[in-house]
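As structure tokens, here come the structures.
The following pair of complexes shares a single chain, chain A, combined with chain B in the former and chain C in the latter.
The block that comes next holds the complex of A and B.
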């Protein structure tokens, strides 16, 4: 029972492009598919309104290569992400982030994981399209009126004319013998397999039109302009102000950053009291504190000593390796490290308080100045605490209050 | 797929879907062995010189291990009903039976609960009044971590689990007799609620029973972590039951390699899920680097526990992930059973890793106590399983989706 679906209004002669057989049950479809598989057909397919379990085995399809593509893409993602992170974070621009090692696998895992998933998903999506020969704009089965009308409810097998074993005369009978309830040879006009001319021209036009805006932008950016260019995203790039180290035509010296006016002192910066601010009295280091020494002052001194001084001089001022900075330098064998002085050395104990203050204020040898971090009053508090530390090493029984002396025995 | 013409699968020989008559005797034997082993474990634990503490540490690991299989069974059953799954019907009874063992576990929880209620066993530091008095944090947590409220919560958790376990099994077995489709519909409506109940009770139970071993440490993801282990455990157990029962001649035409394949896929997925959750917990604590949080990993990063942690990463994540990746492995019952056993061992190692360092990391290794507890609780658990399994068929005979499950095939 062969129907012709020839359309000959153009005068060209239709040619067979395939054979279609319809089956009334998925099991019959599977049996026929198995027979065609065994007969060695290549370019054929089954069509069903829903997935039929086991039909891929009946058709002799081999397991898909898609999993391998996905695996490859996933491994590529892992490699790319790790390489990028190791290169940027640990090699090209090493940066210490909250003390973590430069090469920190835990920190690299989230991005590695995400890139692996991203590339694997791309491979799965793109690979599924490519392996299924999609997108496909036409198929011989659409030459059948019956398939177009009932393709959503029926079960079909189609064999394309490109199959090496294709034979338009024999195949309908073969399909009938395999249980097909209806068979037909599919005819189409030659040349219809290529894309129609309007589609080619349309796509080309779209591409040309789409290229116009970027070309205009490129031409605008490349051409010389006397006016400022259009700057779509400002990002605070242009502001009505001078930046540091730039030229200004407003001043004779051409500097945009202005020096202080001669003879002017900023509020609170006069620091005229030599004793309080420099530790000197009549040109010599002061022997006395510029203020009365009190208990709160001593406690402030201890707190600040522990913050600023103890990292090098140690918590009790012994110097050497008792400070953590010093201990680390020795551990790392830093060649240029100079051992911090013990504050209990005679040369320090014998210094007047003004001399100690001057050392904290101006620095000494490799010790830097602390005048920027610590106010003058607080520097004096530290000096008081250092005096207390020194005294603790040279205390006698007479320094202990009368009433608790017996506790020491 | 109710097309009557489409039933080309084998007509099931449901007589083979029951345990042989010897199973009941085997169950009583298991129960006797379990009692003896637990008595031995208690004696050994005391003899080792650490008092009850030495025994309870191992007992908690063993109890959590077997309870996680039963909990996983409840989760699995509820998820299958919620998603109206067709493929899993012929293996679902195995999970229902695992969930139905909950009454046994509830009784076995008493050795853990009674010492707490009696005021101190050394296992949970927050039970001791002097420890609470010495710590501001424990005082702050005492409205939640106190013995009365702890006991009340334990009763609630166990009651919910016992109830759900009975409910899922009894309803399903009654359907075997009356074939009422309404039961399936009722399960579908109820199961989302059951999942919410299970999620809440599992989360807080793991906080109470495992996390409070180190009461000043906290991790909000801890419940999910415990759940991920339970999911791995139930899937491994179901694979072993499915493969083992078929080897014994039971359920041969009910469970096919297609079901093995799907259980294997889920096992693979939850193995990776475990790694994902474990790393999520680790990454935040590692990055935050706050002493009260890092303390937990500090205990597990040095000495024997450092090696143990590394072994978990490799043995609980890397190896099974690679091993279970291929479909060829998942479709070979013996290979799949190997990975199921492997992952159960790893699940035990995971629980020991959670519990042992918190409950005295430097204690002398009490391998015999640990083994006696694991096999003791396990024998009693298996006795319970066999008891309920010998009173019913091992697959839901009259489930409306059973034909779909029997016909089920994986595509490529």
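The block that comes next holds the complex of A and C.
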């Protein structure tokens, strides 16, 4: 039985675009497919609601090229990820973290893996569409009412008109002889496109509408403006506060910076003893301690020296690379690192205690001020301990008590 | 039309080794599969109960987006996060939702590779759950940045600051892992949907219906040449998805374990997180599946045996997380590290002990019911246990994040975390978004992979042995 179903309202004559045969069992389908394969047809296909095992063998299909695409994409992902991470984190913007290696491949593994999977998955999905020529909204089989109405439950074989051995008169009989329970010739109007017009218009209008906002923004950015531009994200660029030297209408004198309220003593303003708090006497560095030097004070000095000073100057004050901070900086080849002085250098030994105190209080060159961490009395204790360290390096035989001098000889 | 079910239940649960238990109700034909699955998408009007559920979910989802807007405009201070609890509900919700997603990938990819054919009835459903859970998950790290308009700083692009992201940071790994996971899950889901969308297209009667399903079916015509490539692509996506799903939660766990905080800094985290993710995901699948198979008439395809199998997975993974909980205490004791020991004693007896014991009760004690077959095959009971698992797994993440942060090295900085109404609203709101997506999926898309179920019907491939 042959059915014709194409409409011809336009006056154009429908032409045969293929032949369709329906089968009622997977076994019959596979037998027919094997026969068509042996007969040498090229543009033909088997249609089923699910993949039937063995049909690809019956049709003589070659293995898909998809695995190669996936492999290629996966390798590209690996290469891309490694190149990206090594270039950015080891070459273009190296961040030295405790001297750990810059080419840290183990740390780059997770992202390398993820990009490999991502690109390979794109290849698998995209490859499935491209190799299947999808999307393809028009095809000869869709000209069959029966094919569409079967709701994807029937088994079919279609032979397209482009096949060199196509013959609309003979093929239905051939399919019937191969076990088809129903055959039909598929007719369609010549020159009909596979993409319906409504889809083209729809996609085109979506693209046009979507392009409008970015174009407007681009036009606004490019155009010269005399006033400030729109500041969409404010962040904290404009804060409701007064900056220095600005005018405030709140106060009679118009100054936003307010003078101290009468009688207020600000933090640190009560430290009036120049000797104790600054280390100065009569405008010059003091030569003497402001308090008596005692053994407990010396012990405090040693403890605090080891906490605050030894990381750079070393436990015995030799400076150079004897402190751990300094040693690390040298190991990391920090270009901006200034070597800490040896406390036994003549220039330091000759300083009055007041000047040593002042250095700890206010800092010197790259050494910061320690007045916030260490109280004035403790700073003097450190100075006392430094003096003891210096004495130990520059001692003479006269410094040793009489009764034990003989032990040293 | 329903051929049902009760009469066959003993057969679905048969453990007779001489023959395989049927994967669907026996005697089902290919066109009956189409009829069952396409019934809901083809209803001219959704049932009143669907409208009621959708209205509630959509309203809650709308509240979620309103709260996100409030957060963005006002700042992170609307949450209860403080110093030192910098991460609280935000990251708890993120890890919770990401974990939910993992069951979907496990069912669709790992069970596919292991040729567990029973997966065909539930994989579409579980994959949809994955997509929606990952959408919910992605929102939280996005909004917890505070200045969300600078989110593009996470991307490695040449910029005027001449800076690059720190690729050695687990947070950066997370960006890549989770976005890859979402993309691959979506591709996998859509690839599986194409043949089924073609079925809905061919069955459709309305103009819009035919064209919309037709558009997304891409002109699929079920030809053997198409199936050939399609099956290959599906296999590749499964093979890629399997290590991917293991990597994603491992990477998420490194967000914690690479930090030096006691309670976080531990090597057990990657496997422990993956097991917990699968556990929570299966809990969510059962939570959704039990009412859905009842309500949408899918009992012939999603049989008691499916539920039984999933409950076995829940039981197995429950034992794994229970083992991990115990091992954490052992490791803390064995380490001899006072800080590590304190953290775990504090978890069990400290101010958040109620959260810890809720977690143990829901995750370890409750699922032990599944040792009994009647518990594994009684829908209302497994539904309650599964909801318990969801609650317990949320608390697991809360316990790991908040108890560790609130009691860090320096007692002077200790601080309790108390959620604000915005925290609670966003937690509830994310469920609203999830269920809104899910209800739309149930209404308009095939809930069961028809093409895959047809393949496992007896005689689908003819008499030829393969």
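Throughout what follows, the second predicted complex is superposed on the first by the 216 of 409 C-alpha atoms of A that agree within 3 Å, B and C clash if a C-alpha of one lies under 4 Å from a C-alpha of the other, contacts with A are read in each partner's own complex, and residues count from 1 in each chain.
Assume contacts are C-beta pairs under 8 Å (C-beta built on N, C-alpha and C of every residue); 3 or more make two chains touch, one makes a residue touch a chain.
Computed from a predicted structure; not experimentally measured.
Trainee: Once chain A from each complex is brought into register, does chain C clash with chain B or fit beside it?
Mentor: Partners clash after overlay.
Trainee: After the superposition on A, what does A:142 contact: first (chain B), second (chain C), both or neither?
Mentor: Only chain C is touched by A:142; chain B is not.
Trainee: So, does A:25 touch the first partner chain B, the second partner chain C, both, or neither?
Mentor: both
Trainee: In the overlaid three-chain picture, which partner chain does A:49 touch, first (chain B) or second (chain C), both, or neither?
Mentor: After superposition on chain A, A:49 lies in contact with chain C alone.
Trainee: Which chain makes contact with more of the residues of chain A, chain B or else chain C?
Mentor: C
Trainee: For A:89, is the partner it touches chain B (first), chain C (second), both, or none of the two (neither)?
Mentor: Only chain C; A:89 stays clear of chain B.
Trainee: Answer with first, second, both or neither: which of chain B and chain C does A:98 touch in the superposed model?
Mentor: In the superposition, A:98 contacts chain B only.
Trainee: State whether A:163 touches chain B only (first), chain C only (second), both chains, or neither.
Mentor: After superposing on A, A:163 lies clear of both chain B and chain C.
Trainee: A:107 in the overlay: touching chain B, chain C, both, or neither? Say first, second, both or neither.
Mentor: Both partners, chain B and chain C.
Trainee: Can you tell which stretch of chain C bumps into chain B once we superpose, 184-192, 310-318 or 418-426?
Mentor: Only 310-318 shows clashing C-alpha atoms.
Trainee: Starting from the residues of chain A touching chain B, keep only those that also touch chain C in the other complex, and list them.
Mentor: Of chain A, residues 25-27, 51, 53-54, 56, 61, 64, 107, 110 contact chain B in one complex and chain C in the other.
Trainee: Provide the residue numbers of chain C that touch chain A in the complex, in ascending order.
Mentor: Interface residues on chain C, with respect to chain A: 30-31, 34, 147, 149, 156, 162-168, 170, 172-173, 176-177, 180, 183-184, 187-188, 190-191, 194-195, 198-199, 202-203, 211, 214-215, 218-233, 236-237, 240-241, 243-244, 247, 251, 254, 450-452, 454-455, 459-464, 466.
Trainee: Once bound in the complex, which stretches of chain B touch chain A?
Mentor: Residues 5-6, 8, 279, 282-283, 286-287, 289, 327, 407-409, 411-412 of chain B touch chain A in their complex.
Trainee: Sort out for me which residues of chain A touch chain C in the complex.
Mentor: Its residues touching chain C are 25-27, 29-30, 33, 45-56, 59, 61, 64, 66-67, 70, 84-85, 88-89, 92-93, 95, 97, 104, 107-108, 110-111, 113-115, 117-118, 120-122, 124-125, 127-129, 131-132, 134-139, 141-142, 148-153, 158, 194, 198-199, 233, 235.
Trainee: Which part of chain A faces chain B closely enough to touch in the complex?
Mentor: Residue positions touching the partner: 25-27, 51, 53-54, 56, 61, 63-64, 98-100, 106-107, 109-110.
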